[in-house]
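Next come two complexes, and both contain chain A; in the first it sits with chain B, in the second with chain C.
Up next is the complex of A and B:
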């Protein structure tokens, strides 16, 4: 040992650079994203010690558009198309709570048929989003069949929404006071047929993906978010329900006609990545029942939207409304000063809230578990950045 | 542009008048109009801290809002968490009122652990001086406000004392302008 120390000192005397290894040298810093090998347009810095992640710092903002500031320059109706840009795959839900909030501010009553149609559109859209998420989740766990199948089946619902709204992805369908169009002819039969087919497909998903031993090995027991921690971090949506808390805005605070619909909150108690990836799947199954009931109970005729003033406005005041989107509670806080333009709009999105769980779950887990944890959080970078 | 500006000023005036009137005639108003359950919740807070501290802005079904001075917000928040059972923040937002020279910060609090409160959102708001906007952080009471407060810091320039990271979050790294959600920040070309 003395010999070694002597050699070391001699080498330094000779003018050669030798640096002793410190504790910090064992750690390697990795930047995941923003050009994305599996993160979306989102970057987080991690430090690994061997196989284990010891540090994680999310750095969002690569797709920040300033939606909230943009809202202050446009009137309540003009705001609709740009507000759905943060999450185009779930565009009906992100404009849903906006419409609810504006309706409360401007005191607009929505006709019953309009309420049913927009609930139907939001259920269909939630399926589209969940299938897209499932496809990406599948491919990042190396399961390419699970990429192809949901992408293909997603077309079923996109076609339905195209018939209903006229657009494939960005619908701008919900407006304060109801929906833009009535249901086209023959829609009910077509919808029922495709939902029945889709339910059959869901059992096949279960066989090939959820019962796949490889998938289960990579997700079961990985990234445990206990009930207490889920509450503490204030997560929402499928992440919350996977931690054993049966909370769904559609039940907790039924909006529109959801108190007339019979459905169960889907939740699991295992708190791991497997639960977080299964809860959206169970939600899709439940959503099929909801769609059928909505089609069944919808009034046969009637108005689909209330007549609006050219520039709807209400007295000064504020409103906070939320709906259950594909990623959890999606709330709008709108302050109005009595003009047709909002004074302040705040969008409280599920992705932003679930981001807090990311460093919490990653620190202490293996680097190889990163994709299965990250995608199980149902995180959509564009929505989080707004 | 000028008409736009005057509109917002009028608005905040009206708003102020509105909130003033609610504050002065609060005790009568709240009991008369409000739904029972929400009224009970607020009465618990008011009876603990007194109506000099707690200003009730509105009580509606499922939604309540109170305004507290910034030096009392930590005590009020911990009372709300420990005694009433609101356990997480859904959103934290700031609103700029140049007319009053104030910035309002609002915490929308919800509850997962108490079934009865699942439909309730309690908005806990406080106001900071616009020129020296400093507020105590609530991160030690509600861990879930961490990123929300950080966002409010960069978007409105409210410094949260005690928050570990009052740092850039969503904006570009080379952002060198005023906080963008302040009213004097105007989008280029508008």
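Up next is the complex of A and C:
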């Protein structure tokens, strides 16, 4: 080593233009996104040393549209259509917690049948969201069948929601005081038939995707997020449940009629990418049970929405409500000054919390594991940017 | 211009180096015009059935773009190949929704890097005028301020059928265009 150093110093003395290789020179900087087949509307910069990632810098904000500021110059009802745009394939859940928060502010009681229809639409939408996520996860790992199958089955749930709400993805169905309209005729039979078919399909998904040796090799033991770190980083939803913590807002803080529904919290203890990709799948199975119970227990007739004044407003005050969306806890914090327009709206989304775990998981892992870690975080960039 | 003067102008152009490029350009145009009649139909036909879109998602319309390439709507039967390629080989850019101030320079950069000929579809109300987010502080009022648009597909978000109709309109348009 001393010999090398000596030679180097000699060459410097000779005036040759030789520069010693430093630690920084071995690193290569890669920019992933926004024009990238898998990254979505998101960009992150990574530095790789050979095969291993040593640095990661997420750069969100490509779809920041100022939702929170826009809320301040629209009234409580006008806010609904633009608030569901951040996550249009889970639009019932993102307006669910908004409606709950406004109801708490204005002290509105929702009729029982309205509560059941709300929960039903929310569970159907959870399936639509999770199937879309699964399709993108499949194609990102190069599994084309897993793009085609969930995309095809998703259309059947979209048909159900279209019959219920009138729109394909942007429903604007949950409004403060209940839901917009009643269920159509023959909806229950159609829904039960669809759920029975879908449960059969889920076993096929398990065979072709989750028991696939290639998929298991790429995800098992990759991107370990331990229980303590999951709590420290503040992740939520399926990522938290995959780290061995049975937390679900539907159980922890039951809203509407969820305390009358019998279901189990699905969680896994392996803490890796495989667990994070399996927990949403188990949630879909559990969601099928919930849909059946909701259809059975739903009152046969009654009001679906409370009568409101044209511009609903409450006394000055604040409220915070959250629901379990496809990506985890989704909360709204609303401050009202007594006028029909909110004074301040803060949207607390699950995607943003899960994104914070991305640099933590990527540093130290291989570049080839980047896709399976990135999409297993159940992240939707538009929602995180708001 | 009288026909007798043509030869004398040609010689003068060749002598003058500043006008030489213009002469070459005119010759190129003449060549294109000569090719347009016999080969233009065949070249356009090839372009119509192999439109490669760039995979640049600007906002939430990408969900319906994904559904359009799914099994029910299957845009591949109309010659639109799934968006999983390099932008150096693409000739179609579908602007999927809202364009924010941060995304706009990237969108223009992607458009500039694509080879000619290239076509643009503005998908969704936000890409056309700003749509629902017209009064937001971070959103452009329409994408046609930064890149030229061929076909506008309305809707918020447009249904996949509407997107397919938009691409068919673009194919009709390409059929009538002179080759470049």
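By definition in this document, the second predicted complex is superposed on the first by the 366 of 386 C-alpha atoms of A that agree within 3 Å, B and C clash if a C-alpha of one lies under 4 Å from a C-alpha of the other, contacts with A are read in each partner's own complex, and residues count from 1 in each chain.
FYI, a residue touches a chain if its C-beta (ideal position, glycine included) is under 8 Å from a C-beta of that chain, and two chains touch if they have at least 3 such contacts.
Worth saying up front: this structure is predicted, and the values here are computed from it rather than measured.
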item: Touched partner set for A:155, first chain B, second chain C, both or neither; value: second
item: Partner chain(s) touched by A:40 [first = chain B, second = chain C, both, neither]; value: second
item: Chain B versus chain C as contact partner of A:70, first or second or both or neither; value: both
item: Chain B versus chain C as contact partner of A:240, first or second or both or neither; value: first
item: Touching partner for A:89 - first (chain B), second (chain C), both, neither; value: second
item: Which of chain B and chain C A:135 touches, first, second, both or neither; value: second
item: Contacts of A:61 with chain B and chain C, given as first, second, both or neither; value: both
item: Contacts of A:202 with chain B and chain C, given as first, second, both or neither; value: neither
item: Chain B versus chain C as contact partner of A:344, first or second or both or neither; value: first
item: On chain A, the residue positions that both chain B and chain C contact, one per complex; value: 61, 64, 66, 69-70, 73
item: Of chain A, residues touching chain B in the complex; value: 60-61, 64, 66, 68-70, 73, 230-234, 236, 240, 245, 247, 252-253, 316-318, 320, 322, 329, 331, 333, 335-339, 341, 343-344, 346, 348, 352-353, 355-356, 385-386
item: Interface residues, chain C side, partner chain A - complex; value: 54-60, 62-64, 66-67, 70-72, 83-84, 87, 98, 100, 102-103, 106, 110, 132-133, 135-139, 156-157, 159
item: Of chain B, residues touching chain A in the complex; value: 4, 7-8, 10-12, 14-15, 18, 62-63, 65, 87-91, 93, 95-96, 106, 108, 112-113, 118-119, 121, 123, 142-144, 146-148, 151, 155, 169-172, 180-181, 185, 187, 190
item: Complex contact set, residues of chain A against chain C; value: 34-37, 40-41, 61-66, 69-70, 73, 81-82, 85-89, 132, 135-136, 139, 147-148, 151-152, 154-155, 168-170, 382
